[in-house]
Amino acid sequence: MEAKNLALISPEGLRIDGRKPDEIRDIKMTVGVLENADGSAYVEQGNTKVYAAVYGPREVHPRHLASPDKAVIRCRYHMTPFSVEERKSPAPSRREIELSKVIREALTPAILLEQFPFTVIDVFVEIINADGSTRCASIIAASLALASAGIPMRDLVAACSVGKVNGVLVLDVTDTEDKHGEVDMPLAMMPNRNEVTLLQLDGVLSVEELEKAIAMVSKACRDIYERQKNALKAKYLEARKVN
Amino acid sequence: MEAKNLALISPEGLRIDGRKPDEIRDIKMTVGVLENADGSAYVEQGNTKVYAAVYGPREVHPRHLASPDKAVIRCRYHMTPFSVEERKSPAPSRREIELSKVIREALTPAILLEQFPFTVIDVFVEIINADGSTRCASIIAASLALASAGIPMRDLVAACSVGKVNGVLVLDVTDTEDKHGEVDMPLAMMPNRNEVTLLQLDGVLSVEELEKAIAMVSKACRDIYERQKNALKAKYLEARKVN
Amino acid sequence: MEAKNLALISPEGLRIDGRKPDEIRDIKMTVGVLENADGSAYVEQGNTKVYAAVYGPREVHPRHLASPDKAVIRCRYHMTPFSVEERKSPAPSRREIELSKVIREALTPAILLEQFPFTVIDVFVEIINADGSTRCASIIAASLALASAGIPMRDLVAACSVGKVNGVLVLDVTDTEDKHGEVDMPLAMMPNRNEVTLLQLDGVLSVEELEKAIAMVSKACRDIYERQKNALKAKYLEARKVN
Amino acid sequence: MMSKVRRKQIMEALSSNKRTDDRGLEDVRNIEIRCGIVPNADGSAEVRLGKTLTIAGVKMNIGVPFPDTPDMGVLIVNAEFLPIASPTFEPGPPDENAIELARVIDRGLRRSEMVDLKQLCIIPGKAVWEIWVDIHALNHDGNLMDASAMASVAALLTATLPKAAVNDKGEVTLDKSARQKLPIKGVPATITVAKVGDKLLIDPCLDEEEIADAFLTMTFIGDKTCSIQKRGEKALSIEETLRCVNIARKKVEELVNAVKEATGYGKN
Amino acid sequence: MMSKVRRKQIMEALSSNKRTDDRGLEDVRNIEIRCGIVPNADGSAEVRLGKTLTIAGVKMNIGVPFPDTPDMGVLIVNAEFLPIASPTFEPGPPDENAIELARVIDRGLRRSEMVDLKQLCIIPGKAVWEIWVDIHALNHDGNLMDASAMASVAALLTATLPKAAVNDKGEVTLDKSARQKLPIKGVPATITVAKVGDKLLIDPCLDEEEIADAFLTMTFIGDKTCSIQKRGEKALSIEETLRCVNIARKKVEELVNAVKEATGYGKN
Amino acid sequence: MMSKVRRKQIMEALSSNKRTDDRGLEDVRNIEIRCGIVPNADGSAEVRLGKTLTIAGVKMNIGVPFPDTPDMGVLIVNAEFLPIASPTFEPGPPDENAIELARVIDRGLRRSEMVDLKQLCIIPGKAVWEIWVDIHALNHDGNLMDASAMASVAALLTATLPKAAVNDKGEVTLDKSARQKLPIKGVPATITVAKVGDKLLIDPCLDEEEIADAFLTMTFIGDKTCSIQKRGEKALSIEETLRCVNIARKKVEELVNAVKEATGYGKN
């Protein structure tokens, strides 16, 4: 919680892992990794590693949870006990329950729910290793899983975090930067529509810094968006090769 | 649990808070304080402060809990974590589960349940501050909430506790008197019918003392009963003024 | 967990309680001890004491658990808090959940489930005192309870454990032998069909020892089987006397 | 659910002050108490009251006293209504009925001062004996309350605990070879009176319980009440309430003697 | 569920920048704050925001610090959406909405550094003050978030704690006669802006919440944001997001003053 | 639910001792083991067995030994069958299948004495290493048992722990720069044989599991069995049981070698 006066930015203006402030970590995106799911993806962003799977649209149990107007989305963000520094209990924590909610709300605006009344779409996210920005990686992966499940979408949802460390705004915050920095602010958006679907600020920013941070992270989202499209294209081409 | 030989009765025969043995604390009763509920009341008896709300008669979920003959009553007595000396967990304790049951059974005989088959009447009681006799204050408040919800009743239910401290029978026991005294005995009744709907004894009494205590506390219930009727009348007059 | 080099076999080749290696403890079996159940039995094997009750075939709640082809079997193996050395919580432990499953699977092959579609058969086992081989005593008792409930069966299920202590194979393992010995291996079977319905090995055995142990324990099961039949016969005669 | 025929039988019998099993209104069913049946428990008793069967086990361990009673042992009562005992009982944590039963029995044991908790203090504020009384219903044919109270009392009367001492380092040591009985100050009795129609009766069987209006459960120590609990969905007049107390009072000696007989308490 | 008529009323009012209760888009409902209403709490406040009623209570005890902040007190926020407050609330552990509310308020309190947690350290790494803020909704007519945040802030501003000291043996002792206020560094304000149709409005009532597309909840300390949470099933354009921030910013002073007024904070 | 056509295909293939994916009865599906994929874990391995995917992570911390084994480290195995892995898995605490799997793997690891728990004692009776093995299913296409056992063994073989020492004050200190491997005494293998119709086969895929009568899961250390679990709703004859043991025994070396290969165990 406390800024520990750790040097998170070197005299050369570089971060602990050598990145420039506006540089995101390497991302690896693989679509279609879990055969039982209707859609799935694996995302590795630095040491943050996430599986996402989509089941549905499918029947709802119990029935009274269904809606006659549209599909219901359920989302479960879950961390494996070994994904964090101290083993965590596998039972959902308050943090996981909150993140499940905001991730669901980050995805919902992108999905054409009206096309699937009386059904449920389940989104499961499993954090295999956590090194900061896990909710953003989860949204990236879940968005790919939804698209690969063939669920019609207004746009893909891209996500990235922006932080403030040693007074400098930085993209794609790591665990160390989160713990010892001043600010962590994840944002998700539909880049093609310029619409924000998730925004959380945890730390102090002036309104001017906030505007700058939003501009910076939305640019990063556009970059990630292109990579998401490429990952889907790669899967599509591979599928064509196989068939 | 132990009588600590604390002087709970002064040489003048008065109690720690200056009351005479057969004197109850000031009571403030306000009806209709929570707008969402079908009926509600706030009761302040000394430092014991209680909200009660009634929702219903309304549909039961799940359906198999309904009865074809009569309304089902559910009751939830709950203490806020900050209402007691040591913060308590908000999850229902065994004590709260028992009190929910005996309060429900204290109210049930007064309600004309047969008039509302297939429905449920929910009674929620929230203890904001606990200074003894909370179950009695809860019954007073819940009874007002039921009446103000327009639920037909055989009679109002009044309630009061009687204790024994330093060998003396006293009315309307405080937390200190409960902890350091010898006996706590709450009683609820329908004064107009002279019928007991709750009686719990916690402490040693001879049969003769028991008879005396019942006589004493049922007199106090009649007094509280008048105040309950006045509180309802006040609400009714106020409602007429507004409309 | 550790073999403590305790002398579990005397120089004369006898066990701590004086039994020979291939000797089982005294067993007392009583059928029809709990009047509410459709079938019940009490089994006392040394200091291991077990009640079993069967309710059913009866309606399933919730309905979707029912099967159109056959009865569903549910089983609950439960230990009273005072049945073991250190008081255990009454909530089901992981061990009790596993044993409930394997006991259910030990009984299922013996029951003609197809005769009771859409129903459930509930088997409840309560350990009153645990001194080793509780799952075997549970199966013996549950099997008697099923038969006395009039549920058609392919065969009774008999059960016994075999262990290895100080290098010697022994039948009907006690708590002390389980804790300080090398191996505990419970086995259940339908003796008349020569079929195994439960087998668990906990400890190291060569394949040759394993074969020997299975031969030894299946012989013991046949012995127990005869006693089960006698206990049922005794109940039947008693019932005839009464009516 | 009970049939109308059965209900009518019960009411007809009651109208001539009889029960369907030929008991009078103030007769208890046959009582069988078996003590010491659980070798792993520090005390145990199984009580059969007619067809009602319940078991109580006592386990003791060294614990920490409550902050407001640093010089007293701790007594905890827990009850489980297992699905083995009745087609209407469900698995899961104790419901309101099981919790109420445990708490009523707890208050009876505590307020009767049956066990002298002061003698169970080992190091004031630090170490005391913790007594767990666990009640398990095995067959429910009515009046689990009185049967379970009796089983608890019998289990406590026959319970033994190791001798505890404090060594040089201030640690508690146990001498398991020198087991002794609990310090007992008296034997309480718990009696439930049921109101069925306009009759008051004791030791109701399950069918009587189902059609009863209300119950008054009372614990007596000697000729004094130390715990009362009114239960049930209907009211009792004040006069009926006092009548319940007097009916129960007359049965105390009989029940206390039954427990003394079975446990051998007071014999030497 | 809201009727179509009601929905139409709301939308029509909004089309002329009005609310159905005659408020403007950027008007807060009537605020009533009552402090100190819970004698057993170390601090308490009840906030009425229109018909929304919520209560916050503060309890403090000596606890152990988190390993990564050994020299800081601990702050824990918990919220319960009780069935007393709304026909749609269910009994049981907090659901995702109650958990989100507690965590958003927690971040606002923590990041605003309202309470100087460093001053709540008693023995570094061993003993610190643990502050529990419990929020209970009593009547839900919309915007529980801002009402609960205000109640939490007011309860903390009026809370007092005993003087703690460390004796010779290194034990913590409390002087309950010498109660003092919490060390406060500033007063934050939490403001939610709702998007309904194409309008942005503050302090939504329940009916407005039900038809809103999205919400932006912001906590400010002075003129800086220290916590933001976008909520709701629809999106906000980037331009709308920034507009929300600017709408909220203008209300900070008003809300901070209301709390200062009610608590007397800063008066002496 | 499986279609009748699919069931028929499987049974027809089996009748000529083949599987629908062309495997023989005693052939294991393709095995892929990736170790060290979880930087935050002390050891980790992902195992792909055909389309079945499961991951095991090892975390270690200083804990207190069990009273009856004061000089031994503690090993705890937990398994979660996540809804991500199968349309039939539900969220919530582990069900009987997940619990059984964890306990069977636990017994196999413990009884094989794979990890020398005696070397994990730091201060007898006070401080020992506690090893948590967490298993998470990611895609369930049958035989989660063998895949998870293999992942657990591979994770333990590649796990490292900091050097623990005891300082002057009797406190445990950790040197995180000097990580070392766990003390390993041998490599066990877990093999499940399924009975489908009258055939015995190994490494069943999901469709085969669904129509199987029974399973025998065995763990071997060298040529000895150290754990057996019969599973499934039907019986096995004694002769079949012994045949299962002999089938499994023949596969031990192949599976042990696959794990050694992937982990580099025994290379130096």
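Letters A, B, C, D, E and F mark the chains as written, and numbering starts fresh at 1 in each.
One rule holds in what follows: a contact is a pair of C-beta atoms (placed from the backbone, for glycine too) under 8 Å apart; a residue touches a chain by one contact, two chains touch by 3 or more.
Note that the structure is predicted; figures quoted are calculated from it, not measured.
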Subunit C and subunit E share contacts with none
Contacts shared by subunit E with subunit F include exactly A
Note: among B-E, B-D or A-E, over half of the C-D contact pairs reappear in B-E
At the largest C-alpha centroid distance from subunit E we find chain C
Looking at Cα centroids only, farthest away from subunit F lies chain B
Expressed in whole Å, how far the mean CA point of subunit C lies from that of subunit F is 27
Averaging C-alpha coordinates per chain, one finds the centres of subunit A and subunit F separated by a number of Å equal to 32
Dist(centroid_CA(subunit D), centroid_CA(subunit E)) in Å evaluates to 48
Residue ranges of subunit A touching at least 2 other chains are none
Contact graph of the chains (line, ring, star, complete, other): ring
Ring walk start=subunit A dir=subunit E returns A, E, B, D, C, F
Within the complex, subunit E is touched by subunit A residues 1-2, 94-95, 97-98, 100-102, 105, 108-109, 179, 185, 189-190, 193-207, 210-211, 214, 218
In the complex, subunit F touches subunit C at residues 66, 68-69, 72, 94, 96-97, 99-100, 102-103, 107, 110-112, 216, 218, 221, 223-238, 241-242, 245-246, 249
Residue set of subunit C touching subunit D in the complex reads 34-37, 47, 49, 51, 53, 55, 58, 76, 78, 80-87, 90-91, 122, 124-126, 128-131
So, in the complex, the side of subunit E touching subunit B is made of residues 37-41, 44, 51, 53, 55, 57-59, 61, 78, 80, 82-87, 91, 93, 132, 134, 136, 138-141
